[in-house]
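Structures incoming, each one as structure tokens.
Look at the two complexes coming up: chain A is in both, with chain B in one and chain C in the other.
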Partner chain A sequence: MASWLPIWTVALLAAAALAVPLVRALPRLGPCLLALVPGAAAAWFGAQLPHVAVEPLAWSHPWVPALGVDVHLLLDPLALAFALLICGIGAPVVVFAGGYLRGKAVAAPTVAGLLAFAAAMLGLVLADDALFMFVCWEATTIISYLLVGLEYEKSSARTAARRALLITAAGGLALLGALVGLEVVTGADTLSTTPALADGAAVFIALGVLLAAFTKSAQVPFHVWLPGAMAAPTPVSAYLHSAAMVKAGVYLVLRLAPTLGEVWLWRPALLIVGGATALVGGLLAMAATDLKRILACTTVAALGCMLLLAGVDHPLALGAALGLALAHGLYKAGLFMVAGATEKVAGSRDLAQMDPAGARMPWILAVTAGLAGLSMAAAPPFFGFAAKETALTVALAGGGGAAVFGALVLTLAGAAFVYAALAVAREPRGASGKRLTVMVIGPPLLLALVGLVAGPGSGLLGAALLDPVAGAAVGLAVWHGVGVPLGLSLLALALGVVGWRRRAAVRAAAPRIDRAADPGWHDRLWSHVVALAGAVARAVQPVALRANLSVILLAAVGMVTFALLRMRPPSAWVGSPMPDAIDVMLALFLLGGALGAVRARGRLTAIGALGAVGIGAALFYLRHGAPDLAMTQLLVEVLTVVLLMLAFRGLPDLGPRRTGAERRWSAGVALAAGGMIGALVYVAGAVDLGPGISTWFSTQALPEGYGRNVVNVILVDFRALDTLGEVVVLAVAALGALALLARRSEAQS
Partner chain B sequence: MHGLMSLVVGALFAAGVYLMLKREILHVLVGLTLVGNGANLAIFVASGARVAPPPLVPDGLDAPLAGHADPLPQALILTAIVIGFGVLGFALALARRSTETLGTDDLDRLPTTEGQGT
Partner chain C sequence: MNTVILRTAARYLAPTLIILSLWLLWRGHNAPGGGFIGGLVAGSAVVLHAIAFGPVAARRALRGSPRAWMAIGMALALGAALLGFVFGETLLDAAWVDVPGVGPLGTPLIFDVGVFAVVVGAVSGFTLALWPEGAEPGAEEA
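Entry: the complex of A and B
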């Protein structure tokens, strides 16, 4: 059975690869066929429900055997809960995407992206080793970036995608640090065998994990990316921003809570950040009027609640948080699809434009919205009610106290507000009147009905998934009896309805709420970073070649000088013979050529001086046992001089144009660079590095390479591939020169 | 001896850089070639060049004479000379063409295709 675990991830990837041609060819049937893959996966995972609590499925495979890296997959109740969420919601969302985006260019890439995302997310929750988990974590970040930016011709989509990427990728870096730290500290191969940590480096590990979870799950102050990510097509929001991606942070916290839960930082951070997020999300939701934005803000609030619950010091806290995550995925994905359907029918998804005197919504849309909305508002007997009753029970019994249920009540109030809004929403006059297709309304209706059925069935679901995670009976049930939790649920419902009735007052305060909850730190930080980058680029990479070169050379001089000053003197300096008369004459010849090139006023002088330097170098090679070099250098030098003459023949010579200050600056940079190279050559030549591999070349040239010229044998035999590369470079350069000159003769004729 | 040659290599680099910082394309290319020559000599000197028999296997022997020059830097430099020549040839064609097309060989007066910085 365990060997099925990787198959589902691979199958989802294969479906993603097939999606674009399939959806383009069969816009209606294609998405439905593709949805069979996550659907079958969901069914298979569902079938594992009874076994997994008793005996988790594990599978592993060598990945990079040379480094001792294996892929470990593990299906335990926690992974199963999320796998069900990912596949079970992925299937209807894929169908919805096909229907909602039918006829649009983004339909096929959206479906492909959703399936690829499902694969990455499934890999993430199944991964039992830190490396594979991290790879999947980053994959979800990148695919989400692509999906949010699908309509890249809109600048709002690009901005939102970039913001989401930067914030979540920063969290990914923190996670990488934490996972490496975890591996170093514990040495455990798999996450499931990692022992509990309490102090020391564990504080930093916990900090990294929390940062990753907070950024991914849109916690204060990183929540700013989520409302913006609503620029994505609605099916993407329904999947990534309700059911899947934003749950990755919650999953991470639940997965590592047994390892890091006892670190002093863990619980307070979750309580404070989760509580603040729940408050901010609830307030933002009430201030918004765009349906998708409202849903995004309540998602922020719900994620805050889940992390808050995970931080409560209560034996059932993790189970309660997981219950909330499941319920939220079920109703929120449905509600996002309802928002999309509403926009299709009404031509707008802005509540402020829903005219109370307008025509009623189509009944099927109203029913779907009502079912999902009631689950969100935690009305009995929906699954949302069962999950929130449990959450409230845990919160009341646990240490979190007032903050916990205060935040929960506010979130519920926000939810109830949305429900009330949806229930009384009417079409604006003159609406588009487009008809809803089965593919658009079917998936949310299915999810809403599952939410209704799962309420009474929540006892079974809780026993199979939540209890093993919590390690005790969470007692998820649709009816907890009359008590404080039920009272709080009703209070929240009432608050939400009151909020809806007094919506004018709430909306008047909206700008202030928006400013307080989202002060725009990210955009300001971003513009500062861009300005700083621009300033640095202008300073170190000016447009003028001269200034650019100067910066590069001076930086090199600085670094080499630093390294030379710090270098320990070598143990053995090689003796070098004193220069004899011929050496001195050659050196003077080369120096004279260099000086001549610098002092040259006209072109001919400069080219002549260059030729002198080349000939001097050739003589030097000849004298020091390198006849091949001497011959090549001589040949090339003659050709160089001829080419330079030819290239500039007939072009006007405009004479020296540098000012005195420019000349002095150039001379300074040139002397610094020359001094650095001279010192480098002196030090390098004075250190004895031993014979190295040269002896091998010398002794093997004849027996192995059948050549008496060792240099030639190296070039055409031992290092023949390098020489092939050289020939290719020459050929490309020749072709380029030919193309440039051929276009010239065309232009002339 | 290698102290003297270090000085020469440094001087070639200094002269080459000085020319590369000029505004006329021709001088920049002459400077580039000088730097190339300097780099080749730098490898040669730094790998312990001395007056020595070349790395050739004489008839009747199966290895070069004792104390022969190091063949490896020579192979590297040979490649570098040829590549440098290829680069110079392409750069010359480019310089010729851009001077004809744009009517100037002054690097500071070339029109840019992008804005300043951003």
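Entry: the complex of A and C
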């Protein structure tokens, strides 16, 4: 069975590749067919439930054998829980995306992006080696950037996408540092065999991992990207901001907790940052009136609760955090879809723009919103309630101040969830009579019903998934008996209802809450970075071409001179062959061309004179045994002259001569650059570098490469990878130039 | 440049250059030449055609857009590279077949044809994009 592990990631990628043509051709059937891929994956992962707890599935394959790098995949209970979440929610979201975006241009790319994201995320949770995990981690960052920025005509979408990218990519760098450190310190091949660390470098590793988790899972103060990412199409939020992307940080913490849990930094950081995030997210959610913003902020709060729990010093804490993650994914994906459906029906998703006296939502939407909302509000017997009760029990069992803090945070966040659930499910008004299609309302209804069924069934689910992760019975169940957790649940319920009744007062304070919770540090930092980049660019890339070239050439001269001065005198100076009469004549020809270019008054004369220099160089190559180089140089020279003439023919003649000082400066720069090249040529020709690889090339060209032209054999066979890269660079440069020049001609016409 | 001499010369020179470019491409593996040089020569032929008959005629002579040339070239080069997985062990592994009377033919030749097409597309793309507006034959001043 283990050989099936990589297949699902590949299948999701293949589905993503097929998605654009398929969804364009079959707007309704296409997404449903594509959803079969994550659906089948979810079914397969579900079927592994019974035996993975006993015996994890492992699979590995050589990746870069020359460097000893293998891909290791491992399906243990933790990976299985997240795989179920990713695929099980991915399938309905894909269907919803097809229905919700039908007829819009972004429909096909959205579906493709969602499937690609599912592939990356699945790779991330299945990866058992640090390198593959990191690659998948970065892939989720980049795909999320593309998905958030799908409607790139809107500046809000571009800003939000860039903000999400910069924050999560910064976390990715921290993760890279941490994973490299982990590899260096432990030398372990796979994450599952990494021993527990406690001190020394482990502090820095833990810091890097925590930074990565906090940025990806939108923890204070990095939470600012998530509410902004609501600029994404609703299906993207329903997936990335409920079950997938934002859970990656939680997964990372759960995955590495056995390794880094004993580092002194680990638990306090998770407790404090998670707790602060839960409170900030809850406050922001209560102040918001846009349905998607409410949901995004409750996501921030819920992620804070999960990390807080992961920081509790209790054997069952990880299992409880995982329970919250599952419950949250189930209800939040459904609620995002409900918000999208509400927007379709009511014409807006902002509660402040809805007429309180307007018509109610269609009953099926109200029921779906109610079911998913009750799970978010942690009302019995929903799955959300079971997870919340377990979380409270574990938090209280942690003991000491952490228990009080944890219980307080969970209760207050719970109150915010109740408030948000009421706002999303009860407030929307103004139904326009638009009908909802099955593809729009079916997926959230399905998820809401699963949340209802999973509540009473949570004992089984907990035993299969949570208990193996915790290594003990977490005791996920709907009924924990009468006790402090139940009391706190009821308190949260009461607080949430009372708060919602007084929502006018809460929302009146919204501007102050928003300012306090998001002081705009990221935008200020961004503007400083842009200003700094501008200053650097003005310093080293002045607009005047002369100054710009001076900087480039003098930098090159400086570096080469430094390197030449540091070079140890070689053991053998071969000495350059003496130039013969023809060489001298060619050199004079080149000098003449250069002088002509310098003294020319007209641009075309200067270009022509430069062309003569190039042709002289080509003749040099020809005389010294490099016919291929000579031909290339000659042709490039001719074409360059033509292109320069085309580009410059509209411009006036060169202006009046420069002043003496300017001319002396230019002459100095030119002579320095020329002298540098001359010195390099002399050193390269005069130093015996040994036989090196050129002998091998010339002896192997015919027997190995079936060619007598060594240069060409190197270009298209021995070093063809370089050529491939150069061809790509050439094509990309040409495409860029074509795009810029096309804009120029549009502006002219 | 609207001169009879240039136009008459270009009518014969441009096809000659194309044949020359193909010959350079073909013989490149054993003698000076190759896809890059051949592509530059063919690109020069397009430029010559444009100078003599104007950019519209050059675009027509090119058959496809410069972008299409580049895309096809990239596809050929990448396809030849990927064939390495089929016939060899890894990317860009060369495979050769000895064709009687012709000599050895291999995936590097396909690769070189791809380089040729990309260079033709890039050169003609630059030239035609830089061509001044309204510079059809006859409208040219000097």
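Assume the second predicted complex is superposed on the first by the 522 of 749 C-alpha atoms of A that agree within 3 Å, B and C clash if a C-alpha of one lies under 4 Å from a C-alpha of the other, contacts with A are read in each partner's own complex, and residues count from 1 in each chain.
In this text, contacts are C-beta pairs under 8 Å (C-beta built on N, C-alpha and C of every residue); 3 or more make two chains touch, one makes a residue touch a chain.
Remember, it's a predicted structure, so these values are computed and weren't measured experimentally.
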item: Touched partner set for A:G705, first chain B, second chain C, both or neither; value: second
item: Dominant contact partner of chain A by residue count, chain C or chain B; value: B
item: Touched partner set for A:A581, first chain B, second chain C, both or neither; value: neither
item: Chain B versus chain C as contact partner of A:T632, first or second or both or neither; value: both
item: Chain B versus chain C as contact partner of A:A504, first or second or both or neither; value: neither
item: Chain B versus chain C as contact partner of A:A737, first or second or both or neither; value: both
item: Which superposed partner A:A647 touches (first chain B, second chain C, both, neither); value: both
item: Partner chain in contact with A:Y621 - chain B first, chain C second, else both or neither; value: first
item: Which superposed partner A:L724 touches (first chain B, second chain C, both, neither); value: second
item: Chain B versus chain C as contact partner of A:L715, first or second or both or neither; value: both
item: Interface residues of chain A shared between complexes with chain B and chain C; value: 627-628, 632, 636, 639, 643, 647, 707-709, 711, 715, 723, 730, 733-734, 737-738, 741
item: Residues of chain A touching chain C in the complex; value: 627-628, 631-632, 635-636, 638-639, 642-643, 646-647, 649-650, 705-709, 711-713, 715-717, 720-721, 723-724, 727-728, 730-731, 733-735, 737-738, 741-742, 745, 748-749
item: Interfacial residue positions of chain A with respect to chain B in the complex; value: 534, 537-538, 543-546, 549-550, 553, 574, 576-579, 583-584, 587, 590-591, 594-595, 597-598, 603, 606-607, 610, 613-614, 617, 620-621, 623-629, 632-633, 636, 639-640, 643-644, 647-648, 651, 654, 656-658, 665-667, 669-671, 673-675, 677-682, 684-686, 692-694, 697-699, 701-703, 707-711, 714-715, 719, 722-723, 726, 729-730, 733-734, 736-738, 740-741, 743-744
item: List of chain B residues in touch with chain A within their complex; value: 1-24, 26-31, 33-34, 37-38, 40-42, 44-59, 62-64, 68-72, 74-75, 77-79, 81-90, 92-97, 99-100, 104-108, 112, 114, 116-118
item: Touch list for chain C against partner chain A, complex; value: 24, 28-37, 40-41, 43-44, 47, 51, 66-67, 70, 73-74, 77-78, 81, 91-92, 94, 96, 104, 106, 108-109, 111-112, 114-115, 118-119, 121-123, 125-127, 129-133
